[in-house]
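First chain written, first letter: the chains are A, B, C, D and E, and each begins at residue 1.
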Amino acid sequence: MITLNHYLIVSGILFSLGLAGVIARRNILIIYMCLEMMLSAANLALVAFSRFNVTQGLPDYTAQALVFFTITVAAAEVAVGLAIIVALYRTKQSVEVEAVTKLQG
Amino acid sequence: MSPLEIVILLPILAALAVWLGAPARATSIIATSFCLGVLTLLCVQYHGSTGAELRYTHSIAVLENPAISFAVGADGVSLLLGLLTALVAFAAVWQISPEKPGIYHIASLLIAAGAFGAFLCTDVFFLYAFHELALIPTLLMIALHGHGDDEHRKAVAWKTTVYLGAGSLILLAGLAWLVLEYSGGEKLTFDLTALKAQAATTPLPAAKQASIAFVLLLGFGTLVSLFPLHSWAAPAYASAPTPVAMLHSGVLKKFGLYGLFRIALPLLPQGFQAPWVHQALLFMLLGNILVMGFVTIHQKRLDDVLASSSVMHMGYIFLGLAAGTEIALRGAVLLMFAHGVSIALLFALAGRLRSQLGTLELAKLGGLGAHAPVFTVLFAFGAFASIGLPGLANFAGEVMIFIGSFTQFGTDSFGPLQWTVVLALWGVVMSAVYMLRAYRSIFQGSASTGLFMTDPAIAQRVPMILLAAVLLVAGCCPWLLLGLLKTDLASVTEAASTAVHGAAKAAAGATH
Amino acid sequence: MPEPESTSASLPTMLLLLPLLSALVILLAHRVLKGASVIISLLSATVCFLISLMLLGTKDATPVLLPFLEVGKFKVAIDAIIDQQSRGMMFIVTSIGFFVHLFSVGYMKEDESRERFFGALSLFMFSMTGIVLAGNLVMMFIFWELVGLSSYLLIGHWFEKASAAEASKKAFLTNRIGDFGFMIGILMLFMANHGDVSFAGLKESFAMGPVHDAVKIHPTFFLIAALGIFMGAVGKSAQFPLHVWLPDAMEGPTPVSALIHAATMVAAGVYMLVRCAFVIEASPDASMTIAWIGGGTALMAALIATQQNDIKRVLAYSTLSQLGYMVMAVGLVALQAGGHHDTAAPGHPAMFHLYTHAFFKAMLFLGSGAVIYACHHEQDIWKMGGLARHMPVTFVTFLIGTASLMGVPFITSGFWSKEAILGVAFEVKGGSPLFWIGVATALLTSFYMTRMFVIAFLGKPRTDSAHHATEAPMVMILPLVLLAVLTLISPWGWAAKMLQAMKPDHAETHSTVMIASIAALLIGSGLGFILYRGKNSDPLASKGLFKVFANKFYFDELYAVLVKVLQDGVAWLVNGLERIFVDGIVARLPAFAARRIGSAARVLTGGHLQGYTFLLGAGLLLVIYLAIFVLPQMGH
Amino acid sequence: MPPLLFFLFALITLGFGLNVVIARNPVTSALSLAVSFVGLAALFLSLDAFFIGTLQVLVYAGAVMVLFLFIIMLMDIKEEADHGRTNLAAIAAGVAVAAILAVQIATVSGRLPESAATTRSAALKLQEAGARWEALGSKNLPTISNDLKAGSLPDAKLMGDTLFSKYAFHLQVVGLLLLVGTVGVVALSKRDKEGSSPS
Amino acid sequence: MSVFTIEAFLAILGLALLLVEAFVPQVSRRTIAAASIGGTALALVLFFTAASHAPDSLPSFCRPWMQLDQLALFYKGFFLVITLLVLWLTHECAPYLGKYTLEGRLTEMFSLPLIVCAGMMWMAAAQDLVTVFVALELVTVSFYVLVAFARKSSLALEAGVKYLILGALSTGVLVFGIAWIYGTTGSLSFQGIAAALAKPGIAKAPVLLGAAFLLAGLGFKVAAAPFQSWVPDVYQGAPIPVTTFLSVGSKAAGFVVLTRTVDALLVGHSVIGPEIKGLLLILGSLTVLLGSLPAIYQQSVKRLLGYSSISHAGYLLLALACDDSTRSGMTSSGIVAFYLATYLPMTVLGFVVLAILRLNGGGEDIRDFRGLAKRSPVLGLAMTIALASLAGLPLTAGFMGKLFVFVSLVDQAYWGALVCAAIGAAAGFYYYFRTILAIHSPETSPASEPLKLGTITKACTVVLTLAILVLGLYPKPLQQVLSKPAEVAAKSAH
């Protein structure tokens, strides 16, 4: 049978994959995609927990509401993020992390 | 409103006025002389009092829990140190030459205010806080207007600042610990009287007292340049502009000693009784006396000699505190006063020497005694006072400290404390060596070519003559000062003297 | 401030106050006063002399003049002991002081800064009076140091001269070393006697009080205490090994040498030891040590004196030698008393010798001053000669002094006092080596005094200055004459009694002693006369052992090395170690570490986004690791 | 959901997720992400979260991914420029961190008491819930209690109820957030009239 | 007045300003600035008049996720004040900021802070993680825009990108943490979490995993090590008003949430209490050190203030760890709030001076401060006091904050953390005083003409300086405000 553990492990692996991408990739766009992946992994964990936290015979919808908000917020974040990335691209002609190393020390 | 509050606030207001454009010299001289007058009057009024309670108290609550209040109050010890502050501050601002920028006066006034606050506040919080008021003025004065080349004096300024800062943080931790342990019930209090009351009714276990005492020793010790935490002091005084050197070495440094005397000893009698703390203190103060004695002998410039000697002499005051007997403690207080006056006088003279001749290199000076007899006599006053010549202020203090350490006779009479005194006495010889050496090479012998100086004009002599006169009067009539110290030490001594004997016994027990 | 109790307090008070006032007035107003300073100082010395004469007739008392320090039970007052010892010493001090003042008026006439000189003289008078009157150890120490200061000022009077400056410094520092021991001694006595450092209290305590028993339980403690006290005397009375300053002190003006470095201050050590006799008596080992150091110094100084050519140095070493004699006497008497001290003992050989020596040595010094003055500040005896004819009065007084010093039997004071000391040495068990040392010293004394006298006063003038020498002026001659009178009368019973000379009245005189000393005198002076009569240079010079004498046993060289190695070398080393270790470990190492760590930590903010994300990830791992795998295991 | 299906969708989610991370071409990454999200949506469905699953497909796999692709196309980004070894450290670091993190999460996840719970052991009790809903009286939404009693989970309805009753305020805040996002996008991506920056 | 009025007013005002700008393009910047500043000031006035009776007016539907305790009210006031200051600063900086924004437009700079303020005020009252998340994201997303707003400056853009990526990463971590906390405790509300953690049977490791993620996510917001690396870069790159807002507002917002979370995790006999405390101590100590030591090397004052902000976050974390120490009259949350209140005037003052120098053509480096005391004595003194306060010198506000932290640490006998705090403070003496030294140095900076200050600027400077001194010398009123929750909590506990 598929247990909560399975879901959590999938969520954990997905989160880790995202983190690996964030650290390893140089393309800011892909980094951003990986961030979305991490967010989704968190959502998976939330949904799984909400399903197995049966309250009064039903899944806990407060957690699912949080997932709803997460998705919405993520969408807004993506919009703003992409706008910033576009602005970066316009000035630097690049979306690689090497384009942003002036501030340091 | 207590007169002490006026004394504390007046220099700050004067500094503010100077900053706003008031005539610097006049303002600061008026302010400091007013403080001097007030404190002299208070001393006269207080003289001979035997009541242990504080006088001229007034307090304004700043916080209720922890109970912190801007509380002032004084007994003989604080009045004496306040008087010292006023004297040195007056001398310091007077001798600033008029062409110097206003920051000289502002810094001097702020340092003086800090010292006043530290000596006259009875709340641990403000006592601590006021001392720190001097930190930035000191930094600025040494780094911007100090002696030596730019890089050197900045390095010295930083060393001093960070060292003192770090020391005061250790101190803060220690004080916080003390306050936490001694505040009865749920509420913290920084009020010294309340803390003392609590210490009297429910003393802490001895082991804990010892730990706190040690932390406080390190904290206060850094501010007093207790060996081996002293290495900031000598370069700082040597590099500091004259008024700062006078105020810092003469007055501000005494804060650490005052703190130990006022806070640590009465609240943690058994802490200093603990053999390890006691012996650590003896070891460190011997470091001050002997190591710094040799270091001073090695110095080749007058400012370095004075600066190192100032560090060295702290050892004697610590010795008085370590002995903890009534005689020794009073001796320590006397010596604080005397050392403050003498070193301030010496730094004032060294400052003048530097400004006239441009060098303080002993090898380059010589024969000034013939050109500037008054100057020479004044210097001799300072120098001989600092080597503990009877008739000048330092002697009475030193001798009381020594004698105070030799009060118990018995099978174990020659404990670590007594051996320390014997070694410390050798320091008296060493201080004569370097002081006379300096005196010899500056004033005696034949004058070096191109170095010519004259006696200061009458107006410029005022502060120096004042300080020299105080040295003489206090030296010939130490009972005048002792009259201020009639009973205040009872609480300290009762606890501390048992402490010392306990420590001596314990140490003797350990050696057998 | 307690009211002075009638006359017993008023005389000592005036004795202290007058010179102090004089010194202060001169210090503050010498610019205005100019020459009047001299008068003020002289006046104060005169009045003091008169007061001390009045004092001679007073009864014993111990008035308190002024409270100095008072803490609880511990009291140090400026008080006074008035007894035979102090009255006699006061007479010496004030009389010689007065004469020297008088002499100085002439001697220092041309000096530009004679106000300073007289001011310092007054200061000295004040300090010395204090020592004499001191009723307790702390007060004694206070004035002890103050005489050191005045001595410093007076030796360094001509401070532009490097040698004078160095000599004054040396004197002060050497005395400080002595005072180091003195202070330890005082502290130990303070401790033993539970806070009472008055001589009266201590004496009582040693006799029957708590200390009486403690002495038996802690003999080492009291040995050290006694030696500590003695160390003070070693410094002040220039005993071996701290004797090196006294000859150098001759850099000061000659009247100073007469007053301070011959008659009074250097004798203060002996005075103090006699005051503390009960302490020394309590410890036979200490007594023995003291006696031997005294004897050793006496012999050593006498040997050195045989090869000195500077008239003042000869006298200085002679002073050393005689002080050694006195110190030896102190030790011997203490050994003799050995705890069964007879409180009623009227005299003391050391004090008696001090007494007689003070007058004739002061006279000799003043005489040498007159000679130097006459010879235009020439001090080398080989450049004098034949002065007897040019300076008859000086010659006569000098002759009296020399005879006294050599101990010409029966008529000179020196004979009686020296005899008393040798007598004690002879009597005391185990004192015979010291007795023979004493005799040898007496022989040498006769020898070098004869040598000096013969070279300087007899024969023909060797230089122009000696040739044109004339008798000194009246103000300088008068003191010489008066001192000569005092020298002559002082040993005689009635005078000794009146002047409180503390002459011991020995019932018996040992013939051995008498014979030995007369033989020593004859052999010594005879040899001197034969060797040096009509010589233009020293026949013994640079011959083997005599070279060692001439070079003062190389003490100065040895000490120079010691100072260089033990003081400057150690100072250099300590300074370096302090820089490296203390400053390094406490200050520079943490600063360095903070800067390095800070610098290294800047890598964390190196500007690379990937680095930041990695750090975030790694930080996350760290936090999880800590939270789950480390902290729960730590147990709280 | 049968285990087989779970593993299938988990594999899709993770496999394409991996492809996002390792693909050289951003377009591939974006498309893989979309597929991965679809797999994820299926997993949501398996957890009875139909509404969220739908949302995941609509918002993420649909709107967001389109946005990404749009931007990629707009910028005409090709493959990541090959900087050779410089990336190696970053890759190693990323892999290491991710691996450790995954292990940590997996370890801890096993220690969760409920980790062995299955959809069967934590079965939903729809009938009971329906009864309780009905008992709520005036607050009862009949449509929900009817569905529940009929034995089906009215996921969207329940979600709606939660959002509009309990989290009505949050919903408005999120609305504000979206508005801010819009404003931000406009402010940040509007062309400069001076036209200093070429596109 | 409803509890939402002020927040709603601010949000609507923000949106209205955007609309005005969109539809009436000719409206002047001054008008917009005046509207936003005036609006905030009005909100502040309203807040103070309404604050006293606000707790009673909480409608029942929001009771599960909202609370209006003393702490919430304090933070709301705090956010209003900082917003007002930031808006004023934005207005001051407008002349030079306009050079870097599109067509010199700054409307968003005036409107977004209002929305941020509303978000932060909601955060202050949040009672569950959903609310926290939503409000936090409102703030964060707005900040993405604000940081990158001066996009003609490549540094601002770079800061924007860095903040964006790392911020999003931290959001992911935060949500993951929320998920696990929810999964293990079965609740999203702080009360529920606390209740669940008080049960002894709960498995520790999973809760700790969730807590670790949560702390990491929030740690990023408050600039705690090892999540601090973005701070210096972003602070340096962002426009001065935004940096000010970030360093004071955003940090305070982070700390409200952290306070609430930590309270929930530590309350009573929480099974994971010791671990959380340990974690906070370690992170706090690390933060102090990693904030202070690299700061020694900084040449840019703006960046220096970034490091300073990190090290202050460290002290705040240490204060949070001393949860049991209530002897100093305040709970740990009270101390944190107090510390932040002292942190506000000194930091803002620092940025104000930076802004004034910038406006007069100066740079942001320490050497640009040389001779400031001569160029403008008032600014010189104010900056000196601000820096002294930042360094924690007694008689200034900064010392009072540090004192409470030190006392708590000693009370709990956290010696290791105390040593780190002391090292950090000692290093602080160096790097803060370096600027003071430059200010009073007789050598002049590249620009050396006297600085002319407007009346309002001068007034603001003086007020902020006085605030530092008053908080340092007479902290009683503030502490009274903050010590009430302790009493309430004590009552409710019995």
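Note that a residue touches a chain if its C-beta (ideal position, glycine included) is under 8 Å from a C-beta of that chain, and two chains touch if they have at least 3 such contacts.
Owing to the predicted nature of the structure, the values given are computational and were not obtained by experimental measurement.
Contact with chain A and chain D alike is made by C, E. Each step here moves to a touching chain, and the least such steps from chain C to chain D number 1. The two chains most heavily joined by C-beta contacts are A-D.
Of all chains displayed, B has the C-alpha centre closest to the centre of the whole protein C-alpha set. One simple way to say how far apart two chains are is to compare their mean CA positions; for chain B and chain D this gives 70 Å.
Mean C-alpha position of chain A lies 94 Å from that of chain C. Spacing of chain D relative to chain E, judged by their CA centroids, is 31 angstrom.
Averaging Cα coordinates per chain places chain A and chain B 63 Å apart. Across the assembly, chain B contributes 162 as residues in contact with two or more other chains. Touching two or more other chains at once are residues 8, 11, 15, 18-19, 22-24, 26, 28, 31-32, 43, 48, 50, 52, 62, 65, 69, 73, 76-77, 80, 84-85, 87, 91, 100-105 of chain A.
For chain D, the set of residues that touch two or more other chains comprises 90, 93-94, 97-98, 101, 104-105, 108-109, 112, 114, 166-167, 170, 174, 177, 180-181, 184, 188. Here the touching chains pair up as A-C, A-D, A-E, B-C, B-E, C-D, C-E, D-E.
Against chain D, the residues of chain E that register as touching in their complex are 4, 11, 15, 18, 61-62, 64-65, 102-103, 108, 111-112, 115, 118-119, 122, 130-131, 134-135, 137-138, 141-142, 144-145, 148-149, 151-152, 183-184, 203, 205-206, 208-209. Residues 161-162, 165-166, 169-170, 173, 204-205, 208-209, 211-213, 215-216, 219-220, 225-233, 274-276, 278-279, 282-283, 289-290, 292-297, 423, 427 of chain E are the ones touching chain C in the complex. By the touch rule above, chain A contacts chain D in their complex via residues 1-27, 29-30, 32-34, 36-37, 40, 43-44, 47-48, 50-52, 54, 56-59, 61-62, 64-65, 67-69, 71-80, 82-87, 89-91, 95-96.
On chain A, the positions that touch chain E within their shared complex are 8, 11, 15, 18-19, 22, 28, 31-32, 35, 38-39, 41-43, 45-46, 48-50, 52-53, 55, 60, 62-63, 65-66, 69-70, 73, 76-77, 80-81, 84-85, 87-88, 91-92, 99-105. On the side of chain C, the complex with chain E involves touching residues 594-595, 597-599, 601-602, 604-605, 607, 609, 611-613, 615-616, 618-620, 622-624, 626-628, 631-632, 634, 636.
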